[in-house]
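Several structures are given next for inspection.
Shared between the two complexes below is chain A, which has chain B as its partner in the first and chain C in the second.
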Partner chain A sequence: MKLNQIACSLIYLLLAWIMSSDLGFVIVSYITGLFIAYELNRIIYKKTITSSIINGSALAGIALLMGFVGVKNSVAFFVAMMLLASLLKIYQAQSDRQTMQVFVLNFFTIPCLFIFSQNFFSALLVFILIGVNLALMLIHQYEFSPREAIKNAFSKLALTIPISVLLVLFIPKLPAFWQLPGPNSAKTGLSENVDPFEISKLSESNELVFRSIFPKERNVEGPFYWRALIHDEFDGTRWNMSSLQSVSANYQASDSSHSYTIIAEPSHLKWLYTLEKMTTEQDLVATNVFGLPYRKRPVSSAFEYKVYNVVDTQDSSITRWQYRQNIQLPSDLNPQAKALAEQIDKQSNDTAEFIALLRDYILAQGFIYTLNPPISQSNDKIDEFFFNSKAGFCGHYASTVAMMMRSVGIPARLVSGYLGGELNPENNYFSIYQYDAHAWLEYYVPNQGWLELDPTAWVSPERLNGSLSQHSQLSEELKSNIGMTLMGFSDVALVNWLRLQLEAFDYQWTRWVLNFDDQKQSSFLKSIFGEKAKILSGIAVIIGLSLLFACVYWVLQRGSRQPIPLPVKLLRKLQVSAFGEFDNTKTPGQIILTIQSKYPKLEAELNNFLCEFEKVRYGNKNELEELKKHYLALTKQIKKQ
Partner chain B sequence: MIKLPQPAWFDALLLKKHQGDSIKLKHDTIYVSPSKSGLGFLGIAVLNFILGINYQNNLILAVSYLMFVLLLMCLIYAFSNFNGLLIEVAAIKDDFADKRPSVTFKIENQKQRYDIQIEHIETKEKSILKRIKNNEFIDVFLPVKRGKHKLGRFKILTHYPFGLVTIWSYLISEKHIYAYPAQIETELPKNSFIISEKGEKALDDKALAEDFNELKSYREGMSIHRISWRHFAKNKELLVKDYQSPNKSASYGFDFDKVSGTKEDKLSQLSFLIVQAEIEQQSYALKLPNRLITLSQGNSHKKQCLEALSEA
Partner chain C sequence: MNTKINTLLEALSTVIYDKQPQVKLAICSLLCKGHLLIEDLPGMGKTTLSHGLAEVLGLTYQRVQFTSDLLPADITGSTIFNTDKQSFVFHEGPVFTQVLLADEINRASPKTQSALLEAMEERQVTMDGQTHHLPEPFFVIATQNPLHQSGTHPLPESQLDRFFMRVSLGYPSKDAEKKLILGDHGRKTTLTQLMELGTLSELQSAIDEMEIKEQVVQYILDLVSFTRESGLFKDPLSPRASIALGTASKAWAMIHGRNYVTHDDVQAVFPAVAGHRLNLDATEQFRIIDDIYAQVPVQM
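After this line comes the complex of A and B, so read on.
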């Protein structure tokens, strides 16, 4: 009982703490607190927990869940409730049957980790915990010692893991038939309504956002502006997402081959990433009017799509309401910047000239690029930045320039996404992390359409190449932001090597394990079975499993059959050669006697054989040479006669 | 388990295969199915499958497949744990109905096996061997009412490993077990005919009660009515008045009609008297309405009498 309770509770606590960012710190602490309180109670008062305390704990737990997780966040609510309930149940369980129920239920509770985290270490952990659970079942039911149980359980599990992997590979996948609520957890990432002065929060996160895989033979060069969101509504501090962001449009692929593949990590947002206007064959992905990909439902697990570049059919004119939308500006904010914009506007003939003059102004004023700019409390944040601090990051520059363009009637909008990425030269893919988050802008020129502009590049041209982590000036700032992670120690060669190896492994894991979807499976199966892949693979699974189980059975049964010792074999052979058949009912002495009666001449030799046989079988003699010699002599003589 | 209605032919088949006093467990006498926990386990595997498909989550799907495979593996492991055992009715221990009438099984075995259970189907009484390595004996207690009973069906089963499957077989024995009437303490009835060895009427019970010749220390099973309380009060020693003496050797005749009470009460009292007589090493005869067992003594005589009481 005690072992079950402590071991199961530790399993739940481990899971809870790993998922704590998703389940909420409060409920995880509560579960931990319960466990500690119950164990202290056991140690100090030597009493078991009464069911009224359990019921009270359950009620309090539900109240906490309602308050801090909420029913709306249904997946986290459910998982936290499962953990809490299982913990209480194992402390309440009186009978063997109740305990068994908890063990069986653990096969559901433990894999819940996969809803939130699917990396290799989670997978390893889940399989270890399942093994531990099996071992507990053995200890509970058959009084195994822990060592014995662990050995027994894991040896059985080790055999089933490869089989289940093969089953995942070969059993044709079904399409999702129900819409289940996805986990929605507060993750750092792009926000739909962005205060550009706060984007640098992302630079504190070294979480992977997505990977883009380029065909091996292609040599690609940056800068890579990964577009994700268009913001065309400015309220003075925030740039809000365009209302057209989720309006789908049809684009034609310009080329039959895809230009790169993207594996998006779960972001719990709908928005995906692309360099240019794109389309894709992935059913779950749509393309909006800006040529940006998005999903109908948030990305809750790693997700792959191929990007096809498109023929840009965009009309180079914009409608009146679009024009109005892209020059709207709160009238009373940032007067200084507006005045400057008007001044520059007067000096320039067209948009290009306006931009050039603005660029010259910014360069002349000695603006610097930093991830940790001074915090402004002013309402006129842009004025504050532009005329006082003169230090900021991408959001500051993009927002300022876009606002100034709008103030003189040039339609402009903010784009948020990511810039750059860390190249893995071996597999030719880029990893894009949260700290690569970037904001830039697009402006409209009649007859040319929307053009890109990144004012940050004026101040910090180096930022255009590679990832932020490779930026010589900023990498120090970045590391101090990120803190104690492998990335934070990337100066140490060994640590950096380790980090890159883990990253490469995680890439392969994501690519081949997490993203093994029905498309990949059917092409994989076709490569093996040809056309009728699905049926053949089903048959192969059945035949394979039957063979395998037959093998397992054979191996298990082999041990139970005792081998016939050599002397007995010799005796039987002797009998066969003398009489042509083997009679199981006689003792060795009787057998020899009957042979003697048939071949009286061999009496002495037969007696010697029997004597030697008895020495080997019933005495301490281990030497078989003498016996074999007698046997050979005997068979020779029997044949002669 | 859910009790499925068993058609007659199935019953006949079962009898044909499993009747006898021993059974060798092999492929055609072993039955397999998921246990109750196993059904729950299967349900959770299906649940994981649904989750895996709908979240398009290969890892949850893998866990689900792993559970299916594990269950199948359990069947094989359990079968192999069971296969080749030879179960045999080794001894039948008749006893009083309120004590432990039991059957001893011999399990012939050469390898390490776990969790071998034998259950008497009628009484649901079960004995478990958690692990065995060699030949082993196992007692199954049968809490049956007074009477002569056919042993009937035993279910031999195991849940090893993990308790997710049930693997079972039957042994249907035609042998009988006696549950003797539980003993009810009673005084020797008046007018029990008491005859000396030579056949003459020597003593009446009154004389017997007064006229003991020695005190013996108390042993379990002796009547507490014969304890000499006087001695107990004096030296805290339990002593029993012993009536047996070489020259006063007496024989009892127990008559069903001479004890009082219902039929069961009568049988129980007779059962007590027989045991007492055997302890005192007296000869005794037993008269039942339909049967007479003549004067004798000794274990086999006692057994015969008790069996007669059981069958009455």
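After this line comes the complex of A and C, so read on.
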């Protein structure tokens, strides 16, 4: 098997794995199939992969992709198609030219990783893979030894780093003309519809969701309920978002200084995060009627906004329509829970007492908090949970309590977001991971407005202290759900230290590289060149540097480059016009002979050309007129045929 | 110039059918004052070729059949006591000729082989302190059976290098073989002398005046250094081989009526010049040599 094929297969494999595990699975099984087919073919028939295998694999690959990725997830689908196409092409390539085309395409394929992940390690990986691709090109085209090729490729690539830094700093940033739809990722965490009873295992991911940076002087104290979505429509088991979520409202900032900054990681959703009702000066962010921020376009790359607390102008009354919306409940489901709610309601005078009695009931019944709740087949899932299994996670408790409140006429709605976060003490920021996802509820009390309630905290008060990863009782469960990552070994001090260092590094990367947007750039340029000339000076620096590079390049190249003599150019053109490519290991005689075998009628003309070529190139003849004449006659004839 | 060579070729093609390239290489070797090794199975026309060459050039011809009991003196000659003159007299062996056919050279013992190869290199025989010069021109055509045949002593690499070229005649085409069967037998055709001795040496010295451009010399160097640097060959090409490649390419160009050397000339003589020096099997060498061509770029 050739080096090109192995190397490219490995590159695609790596890319596919990092892009998405589903997609990775398709490609992995696919490549393995190809390897096996190739080896079998070689052993049994002693020949290379045939085009029928390639075509068959292409069809099978499209079918697999349809099945596992689906056309709806268009970005992932097309990236996977491109990976497959490149892979098959490298096996099918017969000439050097075709192989080179794949290598050139790789310069596009490899950075596609950025659609899926933009952290520092992706950038590093793309850098390394680009280098490897360059090295492969050198080995393939110029027959470098692997060691030489890698040395050469990476030393050249290192030269591009200062140039790209300059470009990032000085090239004026324009808003994107178009935007790629993000890949639909099937991740836990926020979802627009919450149905806790469908989930048997909260397969949580340790992916970063956002970071919140508090001003240094501010003393931060939890618990932090990061609100993101409000679900105010309930169909018996599932809590849905209403259209209010996207209705914007105007708020007035209560304070001129921001209270914290949030850097959201790409989620490919519009929804953002806040602690309280907020507003922001970021143009792209709007605040909805719940006081929650949302972005006008889905978050496809790391995104930063400052949060200003607002004067709560919302009056403590709600409209009739809102009232109905928040007590609406399917009448026929979960009779037991309803009966219990009514019984408690009779014993209590007001909402606070109702909650206290419900809390006492739940505490007395010995409910437990688990990430792996039993799944229920019953229609009355809340009854099943509340009276039989008595084990569940935040969604179960929030959903049940909200439902019971609705059944006795207290308006209630589900809130989903994140609870807690991991503090990085050095930089005074919190990292919030997907496994910190949480659900709680809000209920309405006349004259007081909407109040927050977290029934999960009754069952597991420890959950309020920081991140789920710091939860002593649940950390084992969490680790087994997350699997083999650094998080899973956070008991080992060294590993935890390393994890925090990497995390801090990634924070700086997100803050200074990914979030270097036009605002940051303009303040940077302003600090160097002053207010007036900031854009022009940026362009001037770039032009100046390019001219300088061009001059250096020109001086270095002068003398080292030898012009190709005209007769050789003509012969090469002739070869290209006959075969589409130029082969530098053929002698003039062989070139003419192969052209002759393709165009047997041109024998005489070809021989005349060769004879003349040899006279001017090997002999002492200097006039090129006759050669040109022969060349023109030949090309005319070739075109005719 | 090449009209004279052409008449030679035409005359030879009346005795050796359909083997134009090999005959040309043999003449090429002769023009370069180099010795020729023909590796082939018995009965392929080796003797006919060497005999024919000697005849058309009007050169004296000797043939020695090498056997395992052949002694060095059987080739170089020996000193015999002449009772009439009461003194030792040197009797010239068969090596004292202009064209020597050393048939099945690898059947003889290494000692005998090296006696011949010494004579080939020095163009003289030293016997009992006396040096006897061999005639001019001196051209050895040695034949050798493919090495896998039993009872052979393969020539050591150092001695293979002394042969300028190795060619393999190979089986004749069907048409040519038909002609042979029908009795139009080469050996019966008598060839006449077509070239004066002076003309041959003129041609030999004209080779030095052939035009060879920088890029062709570079190609020869590239080919030679590829055999040294690629690590594919146990015995890479020596500088002697590089010189031979240059000279042979020039002679090949001259045979084709040109006064300049092309890349194609180099490729035409390369298998014959380099094949035995790289210790390649005569029947398989073309595949390996094509590999070399495919990896050494031609800078025109």
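Note that the second predicted complex is superposed on the first by the 405 of 641 C-alpha atoms of A that agree within 3 Å, B and C clash if a C-alpha of one lies under 4 Å from a C-alpha of the other, contacts with A are read in each partner's own complex, and residues count from 1 in each chain.
Everything that follows uses one rule, which is that contacts are C-beta pairs under 8 Å (C-beta built on N, C-alpha and C of every residue); 3 or more make two chains touch, one makes a residue touch a chain.
As the structure is a prediction and not an experimental result, all values here were calculated from the model.
Participant: Under the stated touch criterion, which partner chain does A:363 make contact with: chain B (first), chain C (second), both, or neither?
Facilitator: It touches nothing on chain B or chain C.
Participant: Touch test for A:614: chain B only (first), chain C only (second), both, or neither?
Facilitator: Second partner only, chain C.
Participant: Could you look at A:568 and tell me whether it touches chain B, chain C, both or neither (first, second, both, neither)?
Facilitator: A:568: touches chain C, not chain B.
Participant: Mind telling me which of the two, chain B or chain C, contacts the most residues of chain A?
Facilitator: B
Participant: Per the contact definition in the header, classify A:539: touching chain B only (first), chain C only (second), both, or neither.
Facilitator: In the superposition, A:539 touches no partner, neither chain B nor chain C.
Participant: Which partner chains sit in contact with A:588 here, chain B, chain C, both or neither? Use first/second/both/neither.
Facilitator: After superposing on A, A:588 lies in contact with chain C but is clear of chain B.
Participant: Could you look at A:37 and tell me whether it touches chain B, chain C, both or neither (first, second, both, neither)?
Facilitator: A:37: touches no partner chain.
Participant: Going by the contact rule set out at the top, does A:143 touch chain B (first), chain C (second), both, or neither?
Facilitator: Both partners, chain B and chain C.
Participant: In the superposed arrangement, which partner chain does A:528 touch: chain B (first), chain C (second), both, or neither?
Facilitator: neither
Participant: So which positions on chain A get touched by both chain B and chain C?
Facilitator: 143
Participant: If we count contacts the way the header does, which residues on chain A are in touch with chain C in the complex?
Facilitator: 143, 567-568, 571, 584-590, 614-615, 617-620
Participant: For a test of understanding, state which residues of chain C touch chain A in their complex under the given definition.
Facilitator: Residues 211, 213, 216, 258-264, 267, 293-300 of chain C touch chain A in their complex.
Participant: Give the list of chain B residues in touch with chain A in this complex.
Facilitator: Within the complex, chain B touches chain A at residues 37, 40-41, 44-45, 47-48, 50-51, 53-63, 65-70, 72-73, 76-77, 79-80, 83-84, 110-111, 114-115, 130-131, 159-163.
Participant: Could you list, by residue number, the parts of chain A that touch chain B in their complex?
Facilitator: On the chain A side, the touching residues are 100-101, 103-105, 107-108, 110-111, 114-115, 118, 122-123, 126, 130, 134, 137-138, 141-143, 152, 156-157, 159-161, 163-165, 167-168, 171, 173-180, 182, 300-301, 513-514, 516-517, 545, 549, 552-553, 556-557, 559-560, 562.
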